Amino acid sequence: MSDFEPKVVAFVCNWCTYAGADLTGTSRIKYASNVKIIRFPCTGRIDFMLLLKAFANGADGIIVSGCHPNDCHYTSGNFHAKRRWIMFKELMDFMGIDMNRITFSWVSAAEGARWADVVNSTVTRIRELGPYVSYKELVNKSVEEEVKND
Amino acid sequence: METTRKLIRKQSLEKLYAHLSGSRKIYAPVTAANKQVDYKYNPPYAEVASDHIRSTLSVKNIVFPKVENLFLFTNNRTESTITDIELFKIPEVVLWGAHPCDTAAFDVLRSIFCWDTKDEFFSQRVEKLTVIGFACHKSDDYCFCTSTGLSPDSSKGSDILLSRLQNGDYVADIITEKGNAILDSCPGLFEAAPDEKPVITEVKVKFSHEQVTAKLANAFEHPFWIENSLRCIGCGACAYVCPTCACFDIQDETKGKNGKRYRSWDSCGFGLFTLHTSGHNPRQVQSQRWRQRIMHKFSYMPDRNESLGCVGCGRCSSGCPVDMNISEQLEALQNI
Amino acid sequence: MARIGVFVCHCGENISATVDCGKVAETIGKLKHVALSTEYKYMCSDPGQTLIKEAIKEHNLTGVVVSACSPRMHEPTFRKACAEGGLNPFLCEMANLREHCSWVHEKNELTTEKAIDIVRTQVEKVKLNSALQPIKVPVTKTAMVIGGGIAGIQSALDIANCGHKVIMIERSPSIGGHMSQLSETFPTLDCSQCILTPRMVEVAQHPNITLYTYAEVESVEGFIGNFKVKVRKKAKSLDEKACTGCGLCTTKCPQKKIPNEFEQGMGMRPAIYVPFPQAVPNRPVIDKEHCTYYLKGKCKICEIVCPTKAIRFDQPDEILELEIGAIVVATGFDIKHADFFPEYGYGRYKDIIDGLQFERLASASGPTSGAILRPSDGKVPKNIVFIACAGSRDPAKGIAYCSKICCMYTAKHAMLYKHKVHEGKAHVFYMDIRSGGKNYDEFVRRAIEEDHVNYIRGRVSTIFERDGKLFVKGVDTLLGAMPVEIEADMVVLATAGVANSGAEDLAQKLHVSYDSHKFFAEAHPKLKPVETNTAGIFLAGACQNPKDIPDSVSQASGAAVKVAALFSQSELTREPLVAVVNRTSPPLYSTCVACGMCKPVCPYQAIELEEFKARDGRVVKKAARINEGLCQGCGTCVAVCRSKSIDLLGYSNNQVYAEVVALLNDY
Amino acid sequence: MTNLINRAKELLENGTVKVVIGYEAGPTGLARPAFITDPAKAGKLIYDDRCVQNLAVYLTKAEVKNLGKMAIVSTLPVMRSIMMLISEHQVMGDNIVVLGISTEKELLDIADIGVMKGYIEKCDLRNPEKDRETLAMLNALTPAERFAWWQKEMEKCIKCYACRQACPMCYCIRCTVEVNQPQWIPVQANPHGSTEWHILRAMHLAGRCISCGECGRACPVGIPCHLLTMQLADQVNNYFHVHAGTSDNMTSVLSTYEPNDKESFII
Amino acid sequence: MKTGIYPGCSLTGSARDYNESVFALAEAFGLELNQIPDWNCCGATAAHNLNKELSLALPARILAIAEKNGIDEIIVPCAACYSRLVVTQHELKKNPELKNRINEVIEMDYRGTSKILNVIEWIDKYIIPVVAEKTVKPFNYKVACYYGCLLVRPNKVLNYDRAEDPQTMDVVMTKIGAVPVDYPYKTECCGAGFSVSRTDIVSKLSGKIIEDAEYRGADAIIVACPMCHSNLDMRRPDINKYWATEYKIPVIFVTQAIGLAIGLSPEKVGLKRHFVDVKIS
């Protein structure tokens, strides 16, 4: 499926990765346009449910990115996020939900080029994985297909 | 229509199943790996359960699905468009193997769904439904159909009622025109009925529902409710497994400009059920909700719907995680 | 009904070269609730901003999306423009079409589609924005400086000279801190007390400074601009107003054998004492733990001899309740002592001393009047060994950090020794010489080259005593790890600088973070080295980490400026992008159940549990409450709240959810 | 059992407590929760293999609290629940009398929370053996197989929330599923809505689940949803070396951190 | 509580005296010591320089056998064996994956439940509380307690006594009437690593240890390690030759000293096996 254009949503913190992505722009480094960014004050603000909502609304891949450990603008939001993602990932793995579709990264405000790499490698990987069919099917599945009438 | 009784042999029953599944969907009980019995669409005959006392869920799902779309909509810049559900697409279904308590529940549901206006969704589904009921040859302590005015071999709600004979053959009572139509479509499978009484289980009468109803009229403030609902944890299991509970919640779900409105099962046991926007909740505590459940089935419905809201299947009790036993409580209520 | 105005900026050609701005504006214009969607060459220009202001009025807009560059660039610009146009500035959002789209993608349809997605997402978000008002917090213009060492003194004087009231708290009987104990200071070898004492006096006499010595912080409540501090003024057993400081009592006190703290135990003092001759205030206190009267119930000689009858044996501790706007923490540091080192005999050998003890030996006002005499027998040591990094940079001892000042003061000590004992031999064991600082390395070179101090690069494994000599066994790593053994008369350990006693306790009272070594933690290691994570509390000096005098003084002045800036206005204005815990009518009060999960995640201690009481005083409900004066809006509490009772203004659950949906769906 | 009855009677008679929460036998032979307020009825109390429900769920229930000070028959999971409830400010430790029951079904002398803590520390805090086996079986599957396995379970869910109601740690007065601004979890009991509900529930119990298995037992359609929280309980211990419910001032693993928390997936 | 003992090679060879004294004490105080059946080499000191897995597998097997035999605590008189066993327990506790790997290698189920005690801990726990009432001849001598390296290092792993200035042996000796001297050489290297290959280094290093003990006026050097003992005792002629001295100070195992104090005969505690005459009795 060569013409598949994955939809990738990036959840990033304002102070590091969002600023890093700004730097990518100022440096005119090109990357795949499949990724769209949602700005949060801090990775600590990112509710794990939002990642599921992204999949439920048709995302094929997700990037979650914030400040490197010890660099958090609020000192500890990224550490809390880290624990949250550890647990979330374990649960998703256990339920068989594909965590290869989520890139977790730390990208600082100075790492414009790295942001482009993170995006490009994620898009390439999602392209190889193809559309996230199993989650889309899950979302569209009615209770019992036999009584489906819509 | 006058009931006619026929014999259908064990082997013919399988043929009848095959015959019916040729033209319609069949909704029949299947025993799962964990011994629970669940209804499934078109299971192979070999898997169909016939020895169970009760399925985990009732069969109400077939006329009142746990989620049912009401309409679809699209919000455009200036106006919204609504697309109705094409009810004529609801398929013909044969409900196979339902016990008399479950089949009798359809009438109770009708008394709710078609009380003042006719619920099209419910009615269409009932219309497309043919019921082949199985009289009970087994029962347990949770069963109390006889206390709700029914019996293990009641034909209420069935189009054909099958009752097992000692040798494993069945007598088939053809109750309705729908039943008759089946008989006519495959007369070779039916034979003349023998003069033998089928095996029917005995279900003890535990209380008089008339007396319960009478008692409830003055029991609203009775301490009974608190004492007997302390252990209730307020889940919706009893309502969801109940064949006659008909409360539902209506929701809109939108994605972008497209959305749908659907209804899904709800339960008066939930704290949220009566919560007002203001924050006020007329049923603040669980005892009030438990009282509502019993009052609704045994007092309000007889008053308003002229129908008892309970068929004595015992599911709410067997499925309750904290052993809230409804027949035990009704017995007690009779004597307060 | 929302009426959103969308302004698509070309940014010259920066955006329009790759994004079809016309198509973006047109597509967005078709969306529900978009009252106006237009494009312009330079939105940030005056005409561009005017466009927005006029559109707000003309179309009665309820929200604005400026689709241009990064909000990190121009969000303040456009929010201001909206405010000038009569729209609450927080109803303006920016869609980042330049840095996140036009500059990073090729010109093609996908890029324009992405631009449309980005703008639509902000349109959906802004519909859910609410008009927010800046948060105003009143400010009490009185600062408290905790600690009367050089950092505290500098901070207090700077703040006081800005015209603000300062209350200084010092737990010992005199201000001055460690600097008053030092003999000379590097790299100039000028006398420490000569430069410090005038400052101490200035503090005592400054009309804006109130000094409480022998006093400690009891509790701290409140938040920036509005702290309520309780201070325990320990009883000095003295009427300070009556006392003239004549000192008669101290000479007559029969109890004279108490190790003198100021002399680092190298001299003795009486039970009623002034810590050192230049003390400020120059008034004695009675050490109740050693005073014969307090121990045995009789004596009272001081009371008898006092010419002004100033002794008050029955004086109680006093609790002061103070209203404070900002706090400077300058509680300083302490050092490890010889008893920390088993390999050096756990302090058993009298002639192994620490750096501060050497300072007192070298000090003209010290116990030996400045003569370098070893403690065991009072002889002049002919062979002296200095060991740098005693404890510091030694993870095995639990102190991985560099104490920063030891390299310099060890060089100073060796020089002072050589200046006083010309024929003596001084050896220094070191790991690396860290002498970054103005004229610092030159100073060390002088010690080596002019004063011929023998620097040996290596560590000392053990020291033991034999025949009255200290056998120092070490290694010289510059000579191929050759074992070195020196028979020394005296050894000086440049022991690690550590957090002051009670630092952890104080940090907890102040709700300020501290590191694993109990040093106070700065809010940001690079950009907020003076602030703590609690707004309104600042750090000065070695309570943060070991520092030398110039660093301490610089930071103290920095802290003072922070306080002065805070006090420059009578109200503090803060961005209202803070978290809130919902409140509803009784009996619910809030959907919060006070599980307390949010409390530890808050880096600013902005969350507390509020109690709701019935008329009879019964607590009927507890729920979290966020102090908007402290909250910085990170939103971590929002994400951990299970019942979704907390939300973050500006990044509410509804808004971010709408963004996810808008980004991925067709409209 | 006699000890338990005597102790319950004594506590009610001397007025130490107003209600004893324990188990009694119901008419079908099942054990069910009992709320004894009359010392004369203390004889109804039983404790045997049938007594499986986690009674701690009642400690936060309004109508039970209204009865007054409580004593509660407590097996290990109940004790661990109490620890969590105290830690999370839902219950005051000195307001409860713990009638501890050992694994040998003997009445323990739990004088106070400190004693209870000591007892808990000595116990095996892992998931029950049967569940460990199932977890191991599931962990050995491929992700796709696990997905299929769980989806089969999710299809059964009717969103009756018995799992939530049976859990002592699910005491919120408003659950996330009841929030509709935004609608975090689809209301419908379809595979998607059910999957997201169970993910949410498990995440909310991460570091808080005390492995009683009550959620799975309560499920009327037999979804082993306790395996989700138990898997996370395992992982919490694996990553952060904590067992929930071992002290009365536990901080949740998701609201604390260590700078050197180990993970291998963040690039 | 079932107490086991792991003798290791030394106690069955060059340090039979040590072994005899340990068992003599056990007998005198009525303490049960179950030798771990089918024990193998602990791997000291060659294994951990060559193959990490082997260096862990060998002790793990010993510990697994002990666990299988229901032994709750294991006395390890040899300091080298003690070090290997404790290090293994520490490493495998830290790293469950490695533990599984080692279990595969040894084909046994090592869990890490047994407690490992060195001889001083054993004495401290079982003998010191009752030693006063059994003491018939107080050990009225000045002693230099020499700990060597393996008993206290690496401190982070062993978590026993203070590494730079250990005290436990001094305390034990005080309890039987001895007076420990301030002895800076208590953890200095005796050269055991070169005990066969470079006896000159042994002589140099051990010589200093003996010299300082003599200088401090000690009547005996007390040890708890077979290697220390052999270097200070067996190598005495070499030492005296190397330093041109005539040191006669005896080297006594801590267990032997206690044995003498409670009235056991020198033969019983193995004193007759020493190279340097023990004039103490």
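Chains: A, B, C, D and E, in written order; residue numbering restarts at 1 for each.
Here, a contact is a pair of C-beta atoms (placed from the backbone, for glycine too) under 8 Å apart; a residue touches a chain by one contact, two chains touch by 3 or more.
Just so we're clear, the structure is a prediction, and the values are computed from it rather than from any experiment.
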Shared touching partners of chain B and chain E are C
If one overlooks chain C, the chains that stay joined by touching are A, B, D | E
Compared with chain B, which chain's mean CA position is the farthest off?
E
With contacts counted as defined, which of the two, B-C or C-D, has more C-beta pairs across the interface?
C-D
Closest chain to the protein CA centroid?
D
Using C-alpha centroids, which chain lies at the maximum separation from chain A?
E
Distance between chain centroids, defined by C-alpha means - chain A, chain D (Å):
33
Centroid distance [mean C-alpha coordinates] between chain C and chain A, Å
36
Whole-angstrom distance, CA centroid of chain A to CA centroid of chain E, is 59
Touching two or more other chains in chain E are residues none
I need the residues of chain D touching at least two other chains; which ones are they?
173-174, 176, 184, 188-190, 254-256
Would you mind listing the residues of chain C that make contact with two or more other chains?
588, 601, 640, 653, 657, 661, 665
Can you tell me which positions in chain C touch chain A when the two form their complex?
70-73, 96, 98-101, 103-106, 110-111, 114, 117-118, 121, 513, 523-525, 533, 577, 601, 603, 632-636, 638-640, 648, 650-651, 653, 656-657, 659-661, 663-665
Enumerate the contact residues on chain C facing chain E in the complex.
341-343, 345-346, 348, 396, 462, 464-466, 471
Which bits of chain D are touching chain C when the two form their complex?
88-90, 171-176, 179, 181-182, 184, 204, 251-252, 254-256
Chain B partner contacts - residues on chain C that touch it in the complex
30-32, 34, 584-588, 661-662, 665-667
Tell me, which parts of chain B touch chain D in their complex?
32, 34, 36, 38, 56-57, 66-67, 141-142, 226, 229-231, 233-237, 239-241, 249, 251, 253, 262, 264-265, 267, 270-272, 284-287, 317, 319-323, 325, 328
